[in-house]
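One chain, chain A, appears in both complexes that follow, with chain B as partner in the first and chain C in the second.
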Partner chain A sequence: MIRFNDVSFSYENSDEMAVRNINAHIGRGEFVGIIGPSGAGKSTLLSMINGVIPHFYKGDFYGEVLVCGRDTVESTCGKLSHHVGSVFQDPESQIVSTVVEDEIAFGLENFNIPAGEIEARLAEALRMAGIEHLRHESTAALSGGQKQRVTIAAAIALRPEILVLDEPTSQLDPRGSRQVFTTLRQLNREYGITIIIVEQKVMLLSEFCSRLMVMEKGRIIMDGPTRSVLEHNDRLLELGINCPRIVTLTKLLKNASLWSGGYPVDVDEAETVVRGIMEGTHDQYQEPELSIQ
Partner chain B sequence: MKQMLEYVHGNSLIHRLNPLTKLIFAVVTCVACFIGSNHLFLLGILLFTIIIAGASGILGRAAGVYKALFILGLFLMLFQLLFTPQGRILFYILPGVPVTDIGLGFSSLLMLRMMAALAPLSLMLMLTPMNELLTAMTHNLKVPYRYAFAVVTALRFIPAFSREMDQIMQAQRSRGHETDTRNPIKKIRVIIPMCIPLLISSVRKVETMAISLETRGFCTGPRSCRKKLGFTLFDILAIILVMAALPVSIIIG
Partner chain C sequence: MISIRNLSYRYNKKAPLVLDNISLEIGRGEFVALVGQNGAGKTTLLKQLNGLLKPSSGSVTINGLDTATVKTSELACHIGFLFQNPDHQIFCGTVYDEIRFGLVNTRRQQELIDGRIRRIAGLLGLEGMLDRNPFTLSKGERQRVALASVLALETEILVLDEPTTGQDYKECVEIMEIVKSLNQQGKTIIMVSHDMEVVVDYCERTIVLHNGRVLEDDDTGIVLRKTESLGMAGLEPPQIIQLAQRFGPLFQDVISPEDMARAIISCAVPGGVRA
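What follows is the complex of A and B.
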């Protein structure tokens, strides 16, 4: 679906490569999280999928990026937007209309979709993003989480096969962030939309993504199923990525030879692990919590 | 400022008028205010706009607009008073600064004209959703979409920038930057350093918006329109009523 063939890119007026020698393939229906320190090239990588690079930000582009079989350099942002929906960090400046329904219809009108079909797609996008009740609201009056879901709805109204999101929860509280991720999971599972998200909140990534990419200095240094990437938690910590507490806990359990399985990715799994240890080894260890510490 | 331009949601008869009708109302009354030089005529127009605000149920929000216009008008009037020495002297505002009958008449006319000309514009913006205005401009007035969009977006960004400015002001205030001063010259000196962060953040915002537009197919080809805006009988009546202001303004002169 998306293929990076030995891609490197440096922005105009910059000597340094923002990303270098990227080789990756993302298949249909994947839910990919990208994480890494700031300046690692995460946003650059995303901008290559929706065509913002090289069509909006210019620079030296090496290699090729294929999105749904199209070379992004030969296509345009507008053409690519039929396949790729984009959501950016600051919802405020992405919203171009004053009313929610107009915001969602904006892209559809740009693509010259007849009025009757716009209505159907508008209703569908509102339902998929779970914001049917906000339809007639003024966009200025929404909360951060609601605004962010409006931008997601606006992106999915164009029925993209791929959705790229650049830190969509950076301005949201924990509850709003979780809502956004829950919406994304639904889009991914029920509608088969491929999701690629750059995010700093590692806990949410480990819980919701099936695959993690870790970037550093323009390269992808780790790429694999979430569970196996989390095993390298020492390396992640070196990069300044705090592992989820459940991973830290499991690591301590492993060090104490209490657990030898894989890493849990959400709290429920972690609970199962801990309960298993407590029940299974209760006779041997009077207070397993103490031995962990 | 932001209240003067932001759309107030409602479902009154006036809200439902074709945006073009409201645009005509704003422009025609504005023009009529500059043709007519009669206190009563201008007062009548002002009263008419208040009736419209009341009929569309936004009188509460519009009151703020009238207040702001009144204060602005009062300043204008005062300046005009001080610099019109012709005519019969009524009284002295300051020693050596007379207030004359011509000055009073002229300055109050200026104040009324300013209020009566700006109130309909502000009302039009408060009663018309931006996107409807956009549709009216592109479909009825045949303004190219790209330009109409720029105009509407500029209007939309005013409240956003005003919020941004508030935030910057507060940030500076919290670091001990004195922003409250009544001295207008000092005030300007206080505001200038805040314009730089505002400018930078605006440019950033605009850039994100441009990308957002690019990725949603802005101006990639012909454009469809979700809502059809039709003219009803009320639109026609409203336009006739508003147009009548023009000959009246010329006759009264």
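What follows is the complex of A and C.
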């Protein structure tokens, strides 16, 4: 569905590569989290999927990016937006309408969707994002989490197969952040939308994503199923990436030879680990494959 | 040091109360977290401390100065304020001038000022950037520039509105370690944060604000176990406390992964321990 073939890119007026030698394939229906320090190239990678690079940000582009079979360099942002929806950090800077339903209809009108069809698409997007009750609300009166779900609804109204999100929860409180991730999980599981999200909250990434990519200095340095990336928590800490506290705990239990199984991704699984040790049942997780470059 | 008595506030006469009868005492050298969901009144309460907003009723006194009558500029000698978004705070053409700005306004001697700017820049890892334009720096660097300009004033009290937002983990730890060392030097810290891991790692006392009222106010370890209040305020306990709570009273004092591991090791039944 998305393929990076030996991709490197440097922004105009910069002699440094923002991303280098990227080779990756993301399949239909994946839920991918991208994590890494500031300046690692995470946002650059996302901008190559929705075509913002090279169509808005210019620079030197090497290799090729294929999205739904189309070469992004030969396509346009407009054409790509039929396949890829984008959500950014700050919902305030993305919302243009004063009423929720207008915000969602805005994109549909721009896409020349026939007036008769707009109502159905609007209702569908509200339902999919779990915000039917907000339809007639003023956008200004919404909480941060609600606003961000409105921007997600506006993006999915255009029926993209792929949704890319750049730190969508950084302005949100814990409840709002969890609401956003829960909505994304639903879109991914029930509607098969491929999700690619850049995020600093490693606890939420671990819990919700099936695959993690770790970036540093423009490269993808780890890429694999979430649980197997967490196996390399020492390396993550070296890179200045936080680990979920339950992973730190499990590491200590491993060091004490109390646990030899896999790492838990959420509190439920951590409970299983601890009960396993306390009760001696010791269920082990499967350790899937991981590629380290 | 900070005394808030029956403070209520509304933005105008027809608006609802944003702060509703708040009373708090914060002593010298405390490290306090102020938590709650977006819209709970946290930033409004912070702005009452430095006189940017004045009480509709009740009073706020800082080192004995009543914010209702004292000039904001005088309060600024006692309280430093770091805004949530550094871009709302930064406006000078170079990092040097940005750090210098507040000092010039306090009419100090030129040599003293220069020395202090360089010392603070060093503390925050900005020494190589003094001639740069702040807006060419990364968000994390801009946040440190804003913090430097606040620290330059050497106030006894520091008020920080989500100082770690938008930072990666490494930058977050760097900023919090600086704040921690300032606290150890005796400064009083009041910090708004949405990151319960940061709160549990650094803040001794936690105040939960909900709908303009104080819902909880106690030692951080105690407050972060009050699942019901936290849920009401749109928060959730840190992972380790959530996990510990699933085992009833067994791990009731556990806060960190290290605490939890020690407790498990000491009570794991022999049959359950893998050789």
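The criterion applied here is as follows: the second predicted complex is superposed on the first by the 280 of 293 C-alpha atoms of A that agree within 3 Å, B and C clash if a C-alpha of one lies under 4 Å from a C-alpha of the other, contacts with A are read in each partner's own complex, and residues count from 1 in each chain.
Here, contacts are C-beta pairs under 8 Å (C-beta built on N, C-alpha and C of every residue); 3 or more make two chains touch, one makes a residue touch a chain.
Keep in mind the model is a prediction, meaning the values are calculated, not measured.
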Next on the checklist: Contact-wise, after the overlay, does A:Leu253 reach chain B, chain C, both or neither (first, second, both, neither)?
Outcome noted: second
Item to check | Partner chain in contact with A:Gln200 - chain B first, chain C second, else both or neither | outcome: second
Next on the checklist: Contact-wise, after the overlay, does A:Asp102 reach chain B, chain C, both or neither (first, second, both, neither)?
Outcome noted: first
Next on the checklist: Contact-wise, after the overlay, does A:Gly280 reach chain B, chain C, both or neither (first, second, both, neither)?
Outcome noted: second
Checklist entry - Where does A:Val267 make contact in the superposed view: on chain B (first), on chain C (second), on both, or on neither? => result second
Next on the checklist: Quick check on my understanding: which residues of chain A belong to both its chain B contact set and its chain C contact set?
Outcome noted: 89
Checklist entry - What part of chain B is in contact with chain A in the complex they form? => result 6-7, 9, 129-131, 153, 156, 159-160, 204-206, 208-228
Next on the checklist: Per the contact definition, I'd like the list of chain C residues that touch chain A in the complex.
Outcome noted: 36-39, 138-140, 165-171, 194, 196-197, 234-236, 238-240, 242-243, 246-247, 256-258, 260-261, 264-265, 267-269, 271-275
Next on the checklist: Under the definition above, what is the set of chain A residues touching chain C in their complex?
Outcome noted: 36-39, 89, 143-145, 167, 170-176, 178, 200, 202-203, 240-242, 244-246, 248-249, 252-253, 256-260, 267, 270-271, 274, 276-282
Checklist outcome for this item: Contacts from chain A onto chain B in the complex sit at residues 50-52, 55-56, 76-82, 84-86, 88-90, 92-94, 96-99, 102, 105-115, 118-119, 122, 136, 138, 140, 154-155, 158
